[in-house]
Every structure is written in structure tokens, then in C-alpha cells.
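Should a chain be cited, it is by its letter among A, B and C, assigned in written order, with residues numbered from 1 in that chain.
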Amino acid sequence: MEKLKKYVSFLRLRFAMGLQYRTAAFAGIATQFAWGFMEIMVFHAFNSSAPDAFPMGFGQLASYIWMQQAFLALFMTWFMENEIFDSIMDGNICYELCRPIDIYDLWFARSVATRTSRALLRCVPILLVAFFLPEPYGMMLPLDITTFVCFLAAMLLAMTVTIATCMLVYMLSFFTVSPQGLKLVFAMTAEILQGTVIPLPFFPPRVQRIMELLPFASMENVPLRIYSGHISGGEAAKAMLLQVFWIVVLITVGKLICRRAMKKVTLQGG
Amino acid sequence: MIVMKNICKTYRVAKRNAGFGAAVKSFFHREYETVTALDNVSFSIQDGETVGYIGPNGAGKSTTIKILSGILTPDSGECLVDGRTPWKNRIEHVAKIGVVFGQRSQLWWDVPVIDSFELLKDIYSIPADVYKSNVEELTGLLDLGEILKTPARQLSLGQRMRCELAASLLHSPDILFLDEPTIGLDAVSKIAVREFIVKLNQERKTTVILTTHDMQDIEAITKRIILIGKGKILLDGDISDISGSGDIDHTVAELYRSYEI
Amino acid sequence: MEHSIMEKQRKSSAVRLYFHYISIQIRCMMQYKKSFIMTTLGQFLASFNAFVGIYFMFRRFHSIAGYTYGDVLLCFSLISMEFSLSECAARGFDRFSSLVRQGTFDRILTRPRNEILQVLGNNFELTRLGRMVQAIIILFYGISQADIDWSFMKVITVVITILCGAAVFSGIFLINAALCFFTLEGLEVVNIFTDGARQYGEYPIDVYGKRMVKFCTFIIPYALVQLYPVKYLTGRSDSLLYALIPLAALLFLLPCYALWRYGVRKYKSSGS
């Protein structure tokens, strides 16, 4: 309960901050819209040259891409907080340690707040426009209510996996001289493995099967494919179970490293 | 010789209120207000003079310095620095002035200070012999010696300020603008900086214009002060006439109070 | 008289000054060797990801809008070379907003040098050289994969395409910086035309439809440094116009520079 309150106050702060930069909000929406459009055009061209080879319905793909753009802020691994990296590098972390809260929980709540506030600000206009686009470029409505509920749950889990993975990077930053380099390497690895470059179904089946076991596939891949109806039923349940598994593993490991990092800070003074 | 005549400058700033509701409101509708930074400012400064430019925060000190150094264009009024209008012939003008911003650094953080100097030599196209004699002279006067071989990030604030001063003087400027040069320095460094500025003015006849909140700076360096408040020049005169006897801090506090700034 | 001599001296040493800036940046960077290696590795992965994407898409579909794998790789390699060259020269503008915020631009204005030269010099990053090496490798691979019937003219076309393409990207970077004078927020939109153009420029522009080709011909001339020369190089057209059209893209720099000048003027009158 106490934690939830802290999270809500973070969220309010972030939301108000986001509102102040209104040009930035409009610009972000325009950018993501352009991105989505280009992406769909490429797939459309591939689809026309060999429709049989297309691994999902084109409408499903369009939904996948618009959802991806609308909720970009929830899933992108490069979207980390520079202030956290800065506080690790310049030793301001000491101030954070003075607060009566676990540093892992604090940063976790902060990441949730930043990501959700940003996604909330941006998703509505993008989704609205995407729904009204002509077939087959536009977004489909969810197939049924069960799918939609599953999608929401999977999205929540996916965000948790994403943040838990980012937390690993923050924690490892205590042990490296180059957090920015670490972040870049990690984000690029995640980019291809979580299906941002091309969605996982476009990889050859054997490659895809291996990729689906990795934690990166438990990020945007699961909710976006559930929404578009590309996976459902038992398959969807299995994917969501795997998400839960990775959340447990990632948070446990993250907290372990966090304890080591705190020991290092208090021993060496940052 | 510096002449400012009826200089005016206003800014337009977005109003921002606290609170969540206000943030939502300003997302859709934003209000602006006009702030007058300088209101009919006039003064003149002779070659070789040292002038203390004082006033509370937000009075217009930085705006004046920015106009004189060619960074800002005023709304109206005339300004001539040795016959040049700063904002019109920027390159020609800035080649002959030096500027030190006390809160900012012009040194490259990760390389020895001397490397930054070498770069400045190229930036200002300083002839090799002039550069060499200037570095030698400044090293002596500011006691830089070993410091020059150290990366700027490892220097103490006082050491760094001494290097900043040297960096601004490598091209032998006729006029030196100092924006709070002693801010945050320890007592020893403060005295070193003050003594250096006095010596610089005496030996090179460099005109020095100094803004500061530290009245000891003024006492040690300048004879004349210009007091600015709410964008207006309130007082321009000899420091001894104003303070008479007694503590300068109190005198200035008294001045601020009497002008209600 | 004396003035004009000084002017000449300054111009002749502008290049020297730029390299002085680069050398000092390299010395700074050497303090952070591990960081440099990590960043280079990350950037390598970024290019590699793009390549992997194209590779798997072609394993599945074999062609796109009549273009082969080789054609697409040619586009990909030209664009990444253009981008990387311009990044080396002009990406400094990217961090311009922080220069303005930290007051470094004020400092730049107090120095007797061209502002653009100083901004670029202040922001050179060594890691871009790492990307350049990658771009060169991709270029050779892309050209070797493409089915080109080489002639002297085609070599010329490749060279001017790359140079003029770098100029177009630099123009966008300059616009990005100039916009900082008007607003410090909302610049994300420019990413569409820099990173976006690089990312989506890996496919020939007509993949995106006729309207996009028009936009990229007359507004922001990416088609002039990608689509048309590629048609000439791959033998889809023999027109000499297509071979030399990249040169027309240079006109794009004029409005970009005008906007920058206007922005500097505005900055000097508002100070923010």
C-alpha cells in the first residue's frame, strides 16, 4: 500500500512534467505515426511481392505495428532514465541511499511511472487515428473481450519484464565505467531479439523457436501478438506463464546484484 | 572607450503556475508576460578604467554584459565599444575582448589545461610569439606552473578560475568582462584573483568590467561602481563618495534598501 | 587592407582549427577507452540488426517491389555511407540544444570565429569514426552484391551520390540545430528525417508509394541521392540525368543555412 502511494505520487509528478512539454508531446506523436506508417509500407510491399510467404494476416501485422508505436514508451529498452545513470556516475546516489526506501523498489516505481505516464500521453491520439485508417493499413478492434483482457494482462507483464531487465542494466552500471556503452549494447541486443526490427514470426521457424524462449521475447512480442490474434488459447497462456517466470528470475537476480552494489557503494563511498 | 546610450531590452516569458491543474491548463493555453531587463541604460567607461557593476539578482547585470560582448541585440539604443557596435560586427568585436563567466568553464574537461590554451591560440589566430610570451607572463602572474599540465576536471575551483582568467587573456584583449569571477572561491584564491586583476589593469591598461555580489571584490579592484536595479541605472559614481567610512557590505545593503530593490 | 589579410588567414586556418578540435576530442576520449569500445560495439550491433532484418525478410520474400536483395543492399550501403559521412562532419548539431542550455553557445559567440565551425568542433565524437569503418565495410559488401555493369560514369555517380547524400543529411542536422533557437522541445520530429531516413532509406524510396517519391524529390531530396542514382547504377535507366541528379540535392543546403542564420539572429535578440 505504502509502495503504491509512492508510485502514484511519482506518476502525478511525471504526468505534470510531461504536460509542460506540449510541443514535445505533439512531436512525439507525429514521429511515432510516421514511423508506423513507413514500417507498414515496407511490409505491404513485401506482402504484394509474395503474399503466400506472409506469416500472419496483413491486418494482424498492421495492428501489431500500431500497438507497438502507441505503447512504445512501455517496451523500448533504450528508454532508460539518464538521471539514474548520472547519479551512479557522479556519486549522488548517496542522497538516494539516505531515503527510507529500498533503492531497487524506488527505481522500479520511478521507471513504471515514467513509462506509463509517457505512454498514456501518447497512445490515445495514435490509436484513434490508427483505428480510422482504411483497410488493411488500419488497426483492428480486439477480436473479443477475452482476447482484450488477456492483452491487457500480457501488456502489464511485458512492461514488468522490460523494466526488470532495465533494472539489471542500472545495477550492473555500478560495476562498469561505461553505463552508456552498456546501455547501448543491451538495447541493441534487445531490439533484434524482442521483435522491434522485424516481428518474430518473420524469422525462420527454427530461429524463432529459440528466440521465443529468451526473456526478450517476453516483452512486446507477447501482448502485441495476443491483441492481433496471432497467438491465442493455450499458446497465449504458455507465453504468459513464461513472462511470469522471467519476471521472477529477473527481479531476483536484480535484487541480488543490487545488494552487492550497495555493499560496494557503502564500502568505497561511490 | 565604451558608450551605452538609452539601451532597452525586454524578454517574453511563458507564465508557469504550480500544481497539476495549472499544468493541464497550460498544455492547451499558454500565457506570456513581458519582462523588462534593461530600461534606458546609459553610461560610458574610459579606456583603462575598472568598473564594478552591481545589483541584486535579476537586475540586468548579465543582460548588459551579454550586450556588450555581442551575444545579445538590444531592442533599442546605441552602444559603441571602441567605435564598434558589438552585435553588428561580432567577429571583429569579440577578437578584442575577453569574457569570463564565473559559473561556467571554457576549458576542456578531460585534457591538460595547456591543450585548451593551444586550441584557443588557433581560435583567436594568435601569432606564435605573442602566444608564447602571453602564456609565460600569465603563468608567472597567476602561478600556474604545474597546473597547466593537469586536466581541468582534477583542478580545485580556485585553480580552475585562475586558468579561466589566463584563457580569456591569451589574445591580449583590450577589454575584460568578468561575470562573478570569485563565486565559490576560498579566501586565498579570492585574494589571488583580485590582486591579479589589479595588476593586469595597471600593467596592460586593460579595461575591466566586473559584476559580483562580493563587495570585497569591488573594494579591492575598482574605484567606480555602477548600481543597477530593476533594469535602471540607479547610481554611478566613485566608491569612496558613497561608502565614506564604515563597512562596504552595510553601505550597499543600505543602498539596496533606499532604492527599494 | 589589413582586415582582408586577417580574413584570409582565418579562412586558411579554419580547416586546421577543425582538426585541432578533433585532435583534442580524441585526447579526451582516450581517457575513456572502455567506454569507447562499448559504444563502438553497440553501434556495430545497430548496423548489424538492420542487416539481419533485411537478410531474413529476403530469405522469406526474395524480392520487394521488383527489387532484388542486391538492389536493396546497394541502397542500404549508400544511405549508411552518406549518413556516416555527414555524421562525422555535422552530427555535432545534434547536441546543439545542450550547448544552448549550458550557455556554451554564448561562449561561442564571444569568439572571433564562424559559429558553425565552433559548434561542430565542440561536438565531434570519436565513436563516429567507428561507424565510418562499418559504413565502408557495408558499402563494399553492398556494391559487390549489387548487379552493376560498371563504367567510368557509374563510378562518378557512386561518388557524387555519397557526397551529395552526406550534404542532405548535414542540412537536416543544421535544421535540427536551428530549431533549437525557436524551441528546446519537440525536436524529436526531426529524427524522422535523420535516423528515420537512414533506417527506411535501406529500401528504394518508391517502395513507400508515389507520394513519398514526390516528397523526397522536391521537399527533402533523399530520392535524388538514393532512388534515381540507384536506377542508373542497376541499369534500370540509362539517362544521364539520373546519373548526375544527386548534384541538384545540394540546393537543399540553401534554405537550411538561411534558417540557421535567421535562428542566430533571433537568439541574439531574445537571448534564449
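The working rule: a residue touches a chain if its C-beta (ideal position, glycine included) is under 8 Å from a C-beta of that chain, and two chains touch if they have at least 3 such contacts.
In this text the structure is predicted, and so the values were computed from the model without any measurement.
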Chain B and chain A - chains in contact with each: C
Relative to chain A, chain with the most remote C-alpha centre: B
Two chains joined by the most C-beta pairs in contact, as defined above: A-C
Between chain A and chain B, centroid-to-centroid distance (C-alpha), Å: 48
Geometric centre distance via CA averages, chain C-chain B, whole Å: 38
Separation of mean Cα positions, chain C and chain A [Å, integer]: 29
Contacts with two or more other chains, residues of chain C listed in rising order: 32
Interface hub residues of chain B, defined as touching at least two other chains: none
Sequence positions of chain A contacting 2 or more other chains: 22
Chain A - residues contacting chain C, complex: 21-24, 26-28, 30-31, 34-35, 38, 41-42, 45-46, 48-50, 53, 55, 176-178, 180-185, 187-189, 191-192, 197-198, 202-204, 207
Touching residues (chain side chain B, partner chain C) in the complex: 11-12, 63, 66, 69-73, 75, 87, 90-92, 94-95, 97, 99, 101, 104, 106, 108-111, 115-116, 118-119, 122-125, 151
Residues of chain C defined as touching chain A within the complex: 32, 34-39, 41-43, 45-46, 49-50, 52-53, 56-57, 59-66, 183, 185-189, 191-192, 196, 200, 203, 207-209, 212
Residues of chain C touching chain B in the complex: 3, 6, 9-10, 13, 16-17, 20-21, 24, 27-28, 31-32, 102-104, 106-107, 109-114, 118, 265, 268-272
